[in-house]
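Going in written order, the chains are labelled A, B, C, D and E, and every chain counts its residues from 1.
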Amino acid sequence: MSDSDNYEAVVQSASSEVASFEEHKKGLIGHFHHALHATPSLVPLIVLVASIIVFGIAVGSNFFSAYALTLILQQVQIVGVLAAAQSLVVLTAGIDLSVGAIAVFTSVIMGQFTFRYGIPAPISVVCGLAIGTGIGAISGWLVSRVKLPPFIVTLGMWQIVLAANYLYSANETIRSQDIATEASFLQFLGRTFELGGAKLNLGVVLMLILVVVLAYCLRSTAWGRHVYAVGDDPEAAKLAGVKVNQTLMSVYMLVGFICALAGWVMIGRFGSISPSATTGTFGNIQSITAVVIGGISLFGGRGSILGAFFGALIVGVFELGLRMAGADAQWTYLLIGALIIGAVTVDQWIRKVTA
Amino acid sequence: MSDSDNYEAVVQSASSEVASFEEHKKGLIGHFHHALHATPSLVPLIVLVASIIVFGIAVGSNFFSAYALTLILQQVQIVGVLAAAQSLVVLTAGIDLSVGAIAVFTSVIMGQFTFRYGIPAPISVVCGLAIGTGIGAISGWLVSRVKLPPFIVTLGMWQIVLAANYLYSANETIRSQDIATEASFLQFLGRTFELGGAKLNLGVVLMLILVVVLAYCLRSTAWGRHVYAVGDDPEAAKLAGVKVNQTLMSVYMLVGFICALAGWVMIGRFGSISPSATTGTFGNIQSITAVVIGGISLFGGRGSILGAFFGALIVGVFELGLRMAGADAQWTYLLIGALIIGAVTVDQWIRKVTA
Amino acid sequence: QDSAKACLITKTDTNPFFVKMREGATAKAKELGIELDTFAGKVDGDNETQVAAIETCIANGAKGILITPSNSSAIVGSVQQARDAGLLVIALDTPLDPIDAADMTFATDNFLAGELIGKWAKATMGDAAADAKIALLNIDIAQPSVGVLRNQGFLAGFGIELGDENKWGDEDDPRIVGHDVTQGNEEGGRKAMENLLAQEPFVNLVYTVNEPAAAGAYEALKAVGREGDVTIVSVDGGCPGVANVEAGVIGATSQQYPLLMASKGIEAIAAFAKDGTKPQATEGKGFFDTGVKLVTDKPAEGIESIPVAEGKELCWG
Amino acid sequence: MEPILKARGLVKRYGKVTAINRSDFDLMPGEILAVIGDNGAGKSSIVKALCGAVIPDEGEIWLEGKKVSFSSPIDARNVGIETVYQTLAMSPALSIADNMFMGRELRKPGFMGKWLRKLDRPAMEKFARQKLSELGLTTIQSINQAVESLSGGQRQGVAVARAAAFGSKVIILDEPTAALGVKESRKVLELIQDVRSRGIPIILISHNMPHVFEVADRIHIHRLGRRLAVIDPREHSMSDAVAYMTGAQVPEGIAA
Amino acid sequence: MEPILKARGLVKRYGKVTAINRSDFDLMPGEILAVIGDNGAGKSSIVKALCGAVIPDEGEIWLEGKKVSFSSPIDARNVGIETVYQTLAMSPALSIADNMFMGRELRKPGFMGKWLRKLDRPAMEKFARQKLSELGLTTIQSINQAVESLSGGQRQGVAVARAAAFGSKVIILDEPTAALGVKESRKVLELIQDVRSRGIPIILISHNMPHVFEVADRIHIHRLGRRLAVIDPREHSMSDAVAYMTGAQVPEGIAA
């Protein structure tokens, strides 16, 4: 222990290479392994493809028809858009129970503004989008400024918006025929076009664009990184200089806007505008289910929006597949419950072996 | 820096008194302040008392009648029992969407076992409780061993149990009169007794006992501490020597058991046994709402079961109060949403000033 | 050639009414050698699931669809799609809006069902009807059309002036204590009744949207010892419901015939699949009326009714 | 000379626990001020009060002679106070580069950056790798690792590199070398001296007496929630300092 | 002499990152073995593999000559291996006493404890307060404080007190003094020597060379995920040790 005073000087001659080790697994499996490790949203994609194949075999050729396959996209479009919105909230460690209610309410607003007040349809749509954003802003304010738990805020909003929806619309459905003749712009997202023999509508296109754009924003912009940081550890994010309140506010407003888009998509899909659409009641659970199946953590900060999209498709495939296979309603529910658990088990298993 | 080698020796003569400072606030306010700080579940209690007073003023003396006040307890008994179960899961950072479905299913089992197979009612009740516990065990196994997210597991269970419930019961209601004549033990928890002019039933008593017992277990037994530790940070709990899997398993099984108790309470309250009770669909949201209003964190590890009980009562007071004040059904729905947000705002505010 | 396929889409499959409807259809389909797929919404008013079900039927190449529409106007677009694809679409129980959006409708007149119990209640109460205290237990705040029709029919039959006929809750007759919602089950029935009793303890007439709600309301009344002096009326005529009429729980109920609707529907699809013939409407109506009858053991003068014993024979199941 | 950062009579209580007990604080321009004291003396609490992470119950703070009251750490950061917290304040699931640039991300040049606001990931990763190598953290194998998967010392290194790279007016380091190895600690000390030579004052909390006495210009001794004394390391020995901070001896002649 | 704890060829990889690279390990009965190495060398990883917190991909472990494979830390604890993790493994929202007794709570005597399984809170709190005072942590004002509200050093003190109080066969300390003050570190060193004198062997990871050379019987030098050498502190200087672990010099004549 003689030269103890000076031992720190030795470090001047320390090696300064970055540590590296030979690669362990090589070849195709190694690559695949690594791809899964780097991009966890591939896991739900694998589950999705697998379930399409399984149902294709079980149901028979009907399932692989262009009609059936595009039908999945059609049936999933509303939940898909809502799941995109839900993903954003869940990434910030929140939860939004009001997504479905906002969608229904804004669709009613778009319709009633046009038919009750005679406002031109495009302007009504803009009003609907603005009101959706406004509702999101109220939730965002309560969450970020008043610091209420998102569950409570959006639960309250859910009830308020749903009741307002019934009160405002006087429970009246606007009929598809009337919209088509008088304000067909409201049904704009329902327009279909052919693509290689398959029929798609603009609502599906909107959903796809939305998912891609949000995935880009979350991954490649500062805002997206802040969303993750806020969800990961809000305290740390604040100390590190993220404007937590502003980020939360922007997320909830964006979610309100996307839900209003979903409202517009609903008009396109159903033709008519009905205040009693079940999306108002079940949209939240459906979107949260998609998000969780897609591998986004309900504790925030982990997961990708693409995963949520695949999650929505997985549920869509299960539902259509079981229906086409002729299971009756209660058996369908029972099997969907079991399949969801199964899908996530497979998902967990893939993650484990590639960890 | 001469004696640097020896500076650590100085600490031998360091002071070894425990640090203490003069108390800051004294008197009644100081005491109150400190009580709130030490027992956060007092906060929802304050909100509860305040809302009873407010509604009492708004509705008039009717609201303070023994009938109205005990009615709140009666109406809240099922949600109260479910909220007790939900609290346990939420404290472990989980969520149970299947609580209501299990309650309905077990009530159907108790009834069908008695009427379809002619099993004596007490044994049917025991079978119902056992099956509830078994369902909980399956969820617990999937959560703790297969490591699936609780949201997904219980979502799946919810669908499976609810569908099984309809399939098994063939949607048939067992009439109250038949139960009363042939198997009145099933309605045991519906028996009423007088207490100081107010009518109470055994279901309410069961709920109160359950809450007190669980509060004791959570606060004063090792098992309770482990539940908190698992919810707080499962990784840390595991490293510290908590049997995380066993704890989770015990919680989910207990939750299944309590839900089955809720099923028995349902028979007492409704007289008849119906597979289509609303609790099956909305019991989960209602119980989670009570839990969150009561101040339990959805991220686990923080909060008390008494809070959840007060949360359930707060919602009960709002619902009855608004109806008695004569609000119509749709407005009631809207106002409850607003009041829940309001209640939690007040709650947050009290916590902030007493922090 | 495979056997023809048909679809039955009900509002829910948790309500015994639709369960019976499905049983009737399944039995008939088996008899006629038709392959039947059944679908149902999650809750009353669930239009989305019904749309998805129609799409599935088209994808599966079914010949015809029997549907009890959850939302009679919102579903029209999807029904049109199915008809364009060459399917026969028959509305059961609830007509579409407009009624000719379906190839045919086999239905009960829900307004009439309500009207019958309204008239019966008025006649039974006699002079007391002038200052009755009425509690109305509806299905859901979304106000699905069946619930509105029954409610408004009841009020009309009782002689109360209606506001907008397409919604409940806008009447200002002082005899109405209040409206509440029950989700159509015992649980909701009891809670709603308790709430209205807290508002007005001397309710003496209770309208319920169906018999489970009535059973729940009865429990609430029993708890305060008023089950003897309150008249409960209901709609549906299911076997447990009729048994409750017999037991005095319910004063009178309007009975419908879901099995009949369903089996007629299947027959129509079978005929259509064979040679393309479409079913015909009842004379003088826009739909095929499967009828509704008032079941009570306390018949009132001038109102046609059947005794409980007969109701029990006709009840579903 | 006027202190660049000055505080008087700060108080912070949590229920019955007193974390800061009417404490004062002074940081002179261009100096390295070491803050030493027992565990739980309140060192972290007082520097958190200075950088907006804790709102004091009482007391006032001046920055360059102007009274300030930060309501969040962002306020302090906007005026150039950069802090390494003892708890590090990292987002565990995000990568090293994401964490280093949190709140001041680099954007790609040109259209992609300006209009699509695309992050310049390669540039950020390169910068992060370089800063870490300067700190001697050569064991980090992948710059894309999530911070939660780093070793304790690596994580602390990332936090220090972040503060050092961006601080402009005052840099606060709360036990920056606690988890670091011999080599890495050495590099941090060099870095501290390097920053001081650019004229930026530093507050250094540390339990490592030799390091404190090596770099500090003045030493603030904290005890039982308040400033006990400020000593000059050239005039006092380490034994003195330790005796004062542990309560073994009471400093004389030095005003608190 | 047979090592009490022995490992051969341990490997642990996380995706592309290698944390343990075919490393060996030996702990002799009754000794204090120090483990030193750069940040990120893999010290924490290897001790975690020894106590069941990490399941190695390859390699074998022997305890007292018998092959063991722990599937969780509880297995290791059941055979008497007690660990202070670098991350401390505390439940932040629970109190100090709750954390110290986690998994081995004391119950009240008599009926209350036996049948109602009631915890003996006063006893646990008294014990906790005493252990903390022994470590010199006299600044903890309330023993009911949640661990998350403690200062960094106080928290570490609680973790060390817990391990020292309950370890029976092997005690593993991963940087136990990193956040501790001068006085508290000193007490921990005394504690370590005290434990050894009871015949219990200790694995001590530390970056503090003077402390390591003061207490260690042998020093395990870890570099790039594997054991580079084991040296005797009486035969090598601190400079040698630092040179070996940082790669400035390659040890000669000593088998890895």
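In this text, contacts are C-beta pairs under 8 Å (C-beta built on N, C-alpha and C of every residue); 3 or more make two chains touch, one makes a residue touch a chain.
Please read all numbers here as calculations on a predicted model, not as lab measurements.
When the partners of subunit B are compared with those of subunit D, the chains appearing in both lists are A, E. Path length between subunit A and subunit D in the touching-chain graph (shortest route): 1. Path length between subunit C and subunit D in the chain contact graph, taken as the least number of steps between touching chains: 2.
Of all chains, the one whose mean C-alpha position sits at the greatest distance from that of subunit E is C. Between the Cα centres of subunit B and subunit E there is a gap of 40 Å.
If you average the Cα atoms of subunit A and of subunit B, the two centres end up 30 Å apart.
With each centre defined as the average position of its C-alpha atoms, the distance from subunit C to subunit E rounds to 72 Å. One finds 44 Å separating the Cα centroids of subunit A and subunit E.
Multi-chain contact residues of subunit C (touching two or more other chains): 13, 43, 141. In subunit D, the residues that reach two or more other chains under the touch definition are 14, 16, 18, 40, 87, 136, 138-141, 182-183, 185, 209, 224, 242, 246.
Shared interface positions of subunit A, i.e. residues touching 2 or more other chains, are given as 7-8, 11, 14-15, 19, 21, 163, 166, 330.
If you check each pair of chains against the touch rule, the ones that pass are A-B, A-C, A-D, A-E, B-C, B-D, B-E, D-E.
Residue ranges of subunit E in contact with subunit B, taken from their complex: 53, 72-74, 77, 83, 85, 87-94, 98-99, 102-105, 107, 116-119, 121, 129, 133, 136, 138-141, 182-183, 185-187.
Considering their complex, residues 13-16, 18, 21, 40, 209-210, 213, 224-225, 237-239, 241-243, 246-249 of subunit D touch subunit B. For subunit B in complex with subunit D, the residues that touch the partner chain are 1-4, 6-11, 13-15, 19, 21, 23-24, 34, 37-38, 355.
Those residues of subunit C lying in contact with subunit B across their complex are 13-16, 19, 43, 138, 141, 169, 178-181, 183-188, 190-191, 194-196, 198-199, 212, 215-216, 218-219, 222-224, 240, 243-244, 247, 249.
Residues 7-8, 11, 14-21, 216, 220-223, 225-226, 228-229, 232-233, 235-243, 301-302 of subunit A are the ones touching subunit D in the complex.
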